[in-house]
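Structures follow.
Shared chain: chain A. Partners: chain B in the first complex, chain C in the second.
So, the complex of A and B:
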C-alpha cells in the first residue's frame, strides 16, 4: 500500500555497497563510463559480424552490458546497437547490388541472411541482460527480432525495395524457366529465399504468424500475376494444337509438374490460391472447347468412339482410356459433380445410341438377312442385344476411366434411356425404333426358342443357364424403357398369340428344366416384380384363362373316361374370355357359329361334330357356365392326325384349318366288306372353289393353309395342279401319294401371312397392321383411364388444387408407367369436369375442387 | 577427457568445477557454453564471474547442484511464480544473514538464475510482511527522514487500512 501522493521512502541499500563492488571500483563520470563500455561493445559486435569471435570474452561483454543497464543506459545502448547494425547492413547491401549473375546473387543474398541471423543470435545472447530487463519493460523488439527488422528495412526495402524487387524478379524468372521445362540449379535457393521473405514481418512488434510478411505483400501478388499470364499463354499454346488428345495430355502433365513444384517452393497459404488459378485458367476456361472438338480434332467424341466400334468388331482395341482418365481428373479438380463431363457425355452417348439401329440394319443385310424391317424378329433381337452390349462397353469404360462414379453412371443410364426411347431422334437418320415393341418381340422370340425341346444331350444346365441369362437381360432392358404401359400392351399381344397359335401340348420347359417351372410363369413373376402387378392386369387375366383351360381339359378327360364315351376325338381345350383377349384375334369369334339369321358360313367336318357336341354338353352341365356362351374358333389351335400314306403312316400336326381341309380327303366310301376304301384309291380331287364351299374357310386363310399343305416343300400332303406357288381359284387338289418324310412325326408349319403373296393387298389391312393398331389403341385407352384414375386420386386427397400443381403431381405419379402429354391431361380434366368429378373454382379458372 | 567440466571462477580467482548440467541452471552460463562450443564440450571450459565473490558463488553453485534435476515452471508463467511458496529446502538454504542473501540475489540476477532470484525475493517479502514501520527500519537499516508532523499525517491517512 503506497500512500497516494506522499513521498515514498526509499529502500536504501544495506550497509555495504554491493553494486559498486561489481564495477571496476570507480564511481566516476557516467558519460565516460558509457562511451568506454560502448566502444568495447561496438567493436565486439563488429567482430561478431565479421565472424571473428575468437578474441572476445563473452563474459566481459555481458558484464559491460549488464552494468550499462543498471546505470540506466539501456535506451542508449539499445539505440546504438540498432544504428551500428544498420550501418553494417547498408554496406552489405551495396555489396549485394554489385552482383549481376542471377544465381550468384541468389546465393549471396542467402549467405548474407544466414550470416546475419547467426551473428544476431550471438549479439542477442551477449546482450541478454538488456533483452531481459530493458526490452521487456519498454516493450521494444527483442534484439534478435530487431536484427530481422533491420535487415528487412536496410537490405531489402531500402531505396524503394531495390534489393527486394531484384529478388522477387529473379525468383520468378527461375520458376518460369522451370515451368517451361528448363532444368534449373537454383531450386534450393528459391526455397530458401522464399523462407527468408516469409520471416520479414512488416508491422513492427507483431507476431510473425499474424502479421503480414514481405512474402505476402511483395512476392505473392507479383507471383500470382505472373503465373496467371503464364497459364493463360500456355493454355492458348495448347489450344492451338487443335488436337484434343494433345491438349489433355499436355495440360495434365503440366498440372502435375506444377503441383509438385508449388508444393516444394511455396508456403501452404499460397498453394490453394495458385492451384485455383491454374485450375480455372488451364482447365475450366478451356475444357468445354476441348471436349466439344469434332471427331477429327480428337475431342470427346473421338475418345468415345471405341465404345461403338468394339461392339461390332472386337479387334478394334485402341481405347483412349488415358485421355478419358486425365479428363475426369482435370474436371474433378474444379467440380466435384463433374457437371460438364456429364453433360457432354450424355450428348455423345445419345448421338452414338441413335446410330445403333442403322448399324444393326446394315449388319443384318451384310449377313444376308432378308427381313430387316425395324419390327422384325431379326432386327429386334439384334438391336436389343447390341444395346445391351453397348451398355457393357460403356460401363467398362466408366469403371476404368471414371472410377465407376455413381453420378456419372446415373447420367449414362439417363442417356441410354433417352436414345432407347427415341427422344434424341436425329432428324437425318430416319430409323426410329419402338423400344417397347421390340423388347416384346425379343422376348417372344426367346420364349419360343427356349420352349422347344433341346436337341443336345446335356440339357439341364445349359438351358437353365440360358434361361436365366435371357430373363436377366430382358429385365435389364425393361428398366430402360420409359413407356412401360406400351411394353405391357405389346407383351400382352405377343403373349396371346403365343398361346392361341401354339400347337401341341403347352410349351413348358419341363423336359429341360428340372424344376419344371413354366417359362411364361417365371417371366410374368419377374415382370410383376419390376412393374407392379396392377400394370400386368390384362396378362394376368389371360394367364388365368390358360390355367383354367388346363383344369377344364383335365376335368373333361375324367368325365369322358368315367362315362366311357367312344369315338370321340381327344381334346386339349383353350377357353378364352373374349373381353380379356386381344380384339384383333377375337373380333370375328361369332362368325364361325350360327348367326342370328340362322345362316352358317363355316362347317365343321362331320368327324369332329360328335366331339364338339359332347364337350358342349359337358360344359353347360357345370352350373358356373350357365350364363356363358361358348364359341368355337377354328382359326386357332391344331389337329394331330394320323395319315397312312403309301410310304408310311405318319402322325402329322397341322393347323385346325389344314386339318379340316385334309379331312375332306378322308375316305368316304366303304368296301363291300365294310372296311374303308383307301383314300388313295378313291383318287379324290377337289378344286379350290369346292374346298371353299365345303369348308366355309375365309379366302385369305384358305389360300394360306393350302399353301402350307400343298406348296411348302416338306409338308406337301396334297398335290396342287398346277404346281405354282400361288393358289388360284382354278387350282385342283388331291392327295400326294408320294409324300415322304424322314420321321414319323411331322409338323406342318403354317405359311405366314406376309409371305403368302396376297394379290389383294391394297384395301385390306393385313393382320399385322390390325394388330399394331389395336396395340396402339389399347395403349391410348389405358392411358386415358390411368390419367383419370390418377386425377381423381390426387383430387380426393387434396380437395383443392391449382392447375400447375395438379400437372406436377400427375407427372410424378405416372412417371413409372409413361409420360403423359399436357394435351392428354387437359382433355382428361375436361372429361372429368363433365362427369362431375371435379369442378372449376368460381373465381379462379386455374383452381379445381373435388366433387365428392 | 571423459566428462568435461565447467569451471566457474569467482572474483577472487577461486575455481569451482561443476557438471555442465549444474552450470546450465544459469542461462548466462548456458548460452556461453553453447555459443562458444557449438559442437559440444570437448574439454573443460572456464567461465569467469568477476562480480561474484567466492563464498557467494559457492552458495549459488550449491543451490544449482541441489536443483540440477528440478524442472521449474515456464519463465513466462507469472501466476505460477507468484503463488508457489518457497520450497522447504530453499527456505533453509536461504537462512543466511541479510548481506549474504542480497549478494546471492544479485548474483542470481546477473547469472540469470530465475528460480533462485525468485526464492530470494520471496524470502525478503516474508521479512517485510506484517512488520511495523519501526521494525522495518531496524531490519533494513532505513533512516527515518520524515519529520514528526509528516509522520503523523501519514499515519492518520492510512488509519483505515490498519486492522487494530
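So, the complex of A and C:
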C-alpha cells in the first residue's frame, strides 16, 4: 500500500458480502433497528441545532449512521434528515417574520443563517459516511448543500419568497439611504446578506445542476432596476443645477462613492453591470449637454477660458483643472477613445483660436501700435507668440487634466492646425490670418534681431540659447502649417531680401557668430529636417549663391591687391542666380543694363564705372563663368561713403540708389593747385528732373530715396526746396551744410512702409501688395507644377484611374505640402489632357488613361 | 481544559494509543470528533481491537512521516500483517483513511 494523492480510491471496502459478513461477525445484533438508531441520530441533530454539540459522542453517532448506510438505510436516513431540518427551519422562519425592525431583522437572518450553517457542518460531519457512500452513488446533494438548499426553500423562498423579498427590499432600502448620503450602520449586514444570497444556488429538479443563485435571480434584477431609477433621478437633479462645474463635481463625487460602495457590497459579476448602468445614465446620456452648456452655465467653454486668459497677462487666473480632470475621467469611464471629449475640445479650441488675431490686434492697439495690418511684423510676431503660448497653456492643461493622453493631444494639435490655417475664420468678422506668411515674417524679424551684434559681452550663452528657442519655436509652429509651400515661398522671399539688403558686415558677423554656425544655415538645416530638402531646393541654392558670393569677393580682393589696381571702390559682391531667387526681386534685373534693350535707362556714376569694369573683367576671366551673363542691380545693396561736412567727416551707409544720388553732389572741379574743390564751395543745386536724368533711377524709387536723404529728420544729407514732405518734380536739392549727427557713423534708413511719410504711404502699400501678390502667384504656379507632377506620378503607376480615386490619391500625396482645391485639380487634369499626358476613357468620362 | 497536542485513541479491548493530533487528523473521522464530546475529553473510543488499532496508528504515523515525499514515490513500503489485512480494510473505510 503506497499512500499517494489518490489513496482514497485505492482502499475500497469490499462492497457487499464481505462487509456484511464481517459486520455479522463483529456486531452482535445483525438486524439493525433503523427506528432506534434514527431516534438517537435525530435527537442528536436537534441537540446540534440547539448548539449542544460538545455533549455528543461523535464516534457513536458516526457509527450509527455508518451502520445504517451499510444496511441500505441510506435513502431513508437521507430523507429523514431532510424533513427534520425542514421542520426546524420552518419554525425558525416564523420566528424571523415576527421581527419588524429592519436592522434587527437583518441581524436575525444573518444569525439564523450562520447558526444553520454551523449546525449543518456538524450534521454533515456525523453523516459523513452517508455523504461518502449513499450521496455519491445516488448523485444527491451533499448533506451540507442539502442544508443550504433547504434553507433557501424553507426560509427564503417559502410562501412566495416572503423572507427573500423582505431581505431584498431592506437591503436596497439601506443602500439607497447610503447613496443619499446617510450614514448607515448596517453595512456589514448588507455584505453578509448578499454573500448569503449568493450561496443560495438554484437547483433545477433533483439533479445537481448549478444554475443561477438567488442573488442573481432575485436580488440583482430588482437592485439594478432600482438603481436605474435612482441614477436617473439623481442625474436629473444634477442637471437642474444648470451649472456644468457643479454637475461634474457632484457626479464625479457620487460615482466615486458609489464605486467604493458597490465594490464593497456587490459580487464582481454585478459590479460591471451597475457601473455600466451608472456610466450610461449619469455620464453618457448627460455629459454632452453639460459640456455644451454656454459659458455662463459653466460648460467646457467656461473651463477652457483661462487658457485664453492666461496668454496675455500672467495674472494666473486659475485653471479649471479639477473639472477638466473629472470630465476626462468620467468620459474615460465609458469611452477609451474619448471621442466626445475630443470633438467638443476641438470645437472649443478652434473657437478660441480664431479669436486670437482679434486679441492680438487689440493688445497691439492698446500698446500704442497704430498699424495693425495682419501682415505687419508686430502682428506676426505677437500672433505667433500668442499661438505658441496658447499651445503651451493647453498642453500644460492636457498634462494635468488629461494625463497627456496622446489621442487627446493629437486632437488638440489638429484643432490648432485648423484655426492656424484659418479654416472657418472667414465666416464671421474675425480677422483672417495668413499663417505661412506670418511665420515667415516672424522668422525674418527674429533672424534680423539675432543677427545684430549684441552690445553685451555674455552673448555667447544667451544668444545661442535664444537662437535655439527661436528655432524650436519656429519649427514647432511650422508643423501646424498646412500650406508648407506657401511658407517656403514667403520664406524664400524674406531670405532673399535679408541677403540683398544686408550690409556685408552683418553677413560676416552672422558667419562668425558664437556658435560657429551661420544662423541662416542652422535654420535652413532645421527646415530641411522638417520639410525635406527637395522642397527647400531654391533656398538652399540661394544659400549657395551667398557662399559663392563671399568666395568671389575674397578672390576678387586678392586679385585687386595682386594687380595693384588703383582708384577702385571696395566691392562686397552678392551674385545671385536669377532662376533661384524670387521673381519679385529679379523680374527687372535686365532693365539696368544697356545690352538688352539698347536703351540706356540707368546710369552708373562715373566714380563707380571703373570698378564695375574691373570686376567684369575679373569675372569673365574665370573659366566657370564662361556661359554666364552678369547684370548689375542697383536696386539692392548699399554704399558706404565718407562725406566731409563743415562740422566733421561722417561715415555714411546708405542704399545704392541714395549713394548714387549723393555722388552727383561730389566735387566735380579742382582748384588751381589740383586739390579738389570742396563740394560745399561748389554750391551745386540740382532739380529733381536733373537728378532723374543724371541717374536714370525709376521714379518711385527715386522719390523714396530722396525722401530718405532729404526729408527724414535724422539723415537730412540734402536740403530740399521747398521744404515739404512730398517730393515734386520741380524740387531743388543741395547739400545740407548744417548736417549734424551725434556719431561719426551714420546709417541712412531707407524710407519704408512702416515709417514712411503720409504721401508715399499709398505707394509703399501698393508696392508691398504687389510683392505679396507676386508671392501668391509664385505659390499658385508652384502648385500647378506640383499637382501636375503628382498626377503624372499617379497615372504612371496606375495607368487607369477613376476620377474620385485620383483626387483622393492626390490629396493624400500633397497633404504635407498644401491642400489642393478640387478646382485646381480639375484644371490640372484638363491641362494634362490637353498636353496629351492623359486621356479620358471613351465610354466612361470619369476614368482617365495614362498616355505613355 | 488546555489544548493538548495529543489525543488518546481507545480500542474496544481498552488499549490506549496516545497520538499526535495532527497525525490522527489524517482520518477525517478522527478529525471530525474534535467538535464533539471527544474534543472535550481528548479521548476517542473506537470499536476495534488493539492490534488493528495499533496497525492503524502505525499507518497514520507512516503516512504522516512520508506525506511530503508521497509524490516522488521514494518511500519504503508499509507492511501489513496478512492476517489483519481484511479487517484493516474495513476499519480504514470506517475511518476514511
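In the analysis below, the second predicted complex is superposed on the first by the 722 of 852 C-alpha atoms of A that agree within 3 Å, B and C clash if a C-alpha of one lies under 4 Å from a C-alpha of the other, contacts with A are read in each partner's own complex, and residues count from 1 in each chain.
Here, a residue touches a chain if its C-beta (ideal position, glycine included) is under 8 Å from a C-beta of that chain, and two chains touch if they have at least 3 such contacts.
Just so it is clear, the structure is predicted and the values come from calculations on it, not from any experiment.
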Which of chain B and chain C A:63 touches, first, second, both or neither: both
Which of chain B and chain C A:55 touches, first, second, both or neither: second
Partner chain(s) touched by A:550 [first = chain B, second = chain C, both, neither]: neither
Chain B versus chain C as contact partner of A:125, first or second or both or neither: both
Where chain A meets both chain C and chain B, residue numbers: 1, 3, 7, 11-14, 18-19, 22, 53, 57-59, 62-63, 66, 121-122, 125, 128-129, 132
Chain A residues within the chain C interface of the complex: 1-5, 7-8, 11-14, 18-19, 22, 26, 53-59, 61-63, 66, 121-122, 125-126, 128-129, 132
Sites on chain C touched by chain A in the complex: 28-29, 32-33, 35-40, 44-47, 62-63, 66-67, 70-71, 73, 75, 77-78, 80, 86-87, 89-90, 92-94, 96-97
List of chain A residues in touch with chain B within their complex: 1, 3, 6-7, 9, 11-16, 18-19, 21-22, 53, 57-59, 62-63, 66, 121-122, 125, 128-129, 132
Complex interface listing, chain B residues touching chain A: 27-28, 31-32, 35-36, 47-51, 98-99, 102-103, 106, 110, 112, 140-143, 145-146, 150, 153-154, 157-158, 161
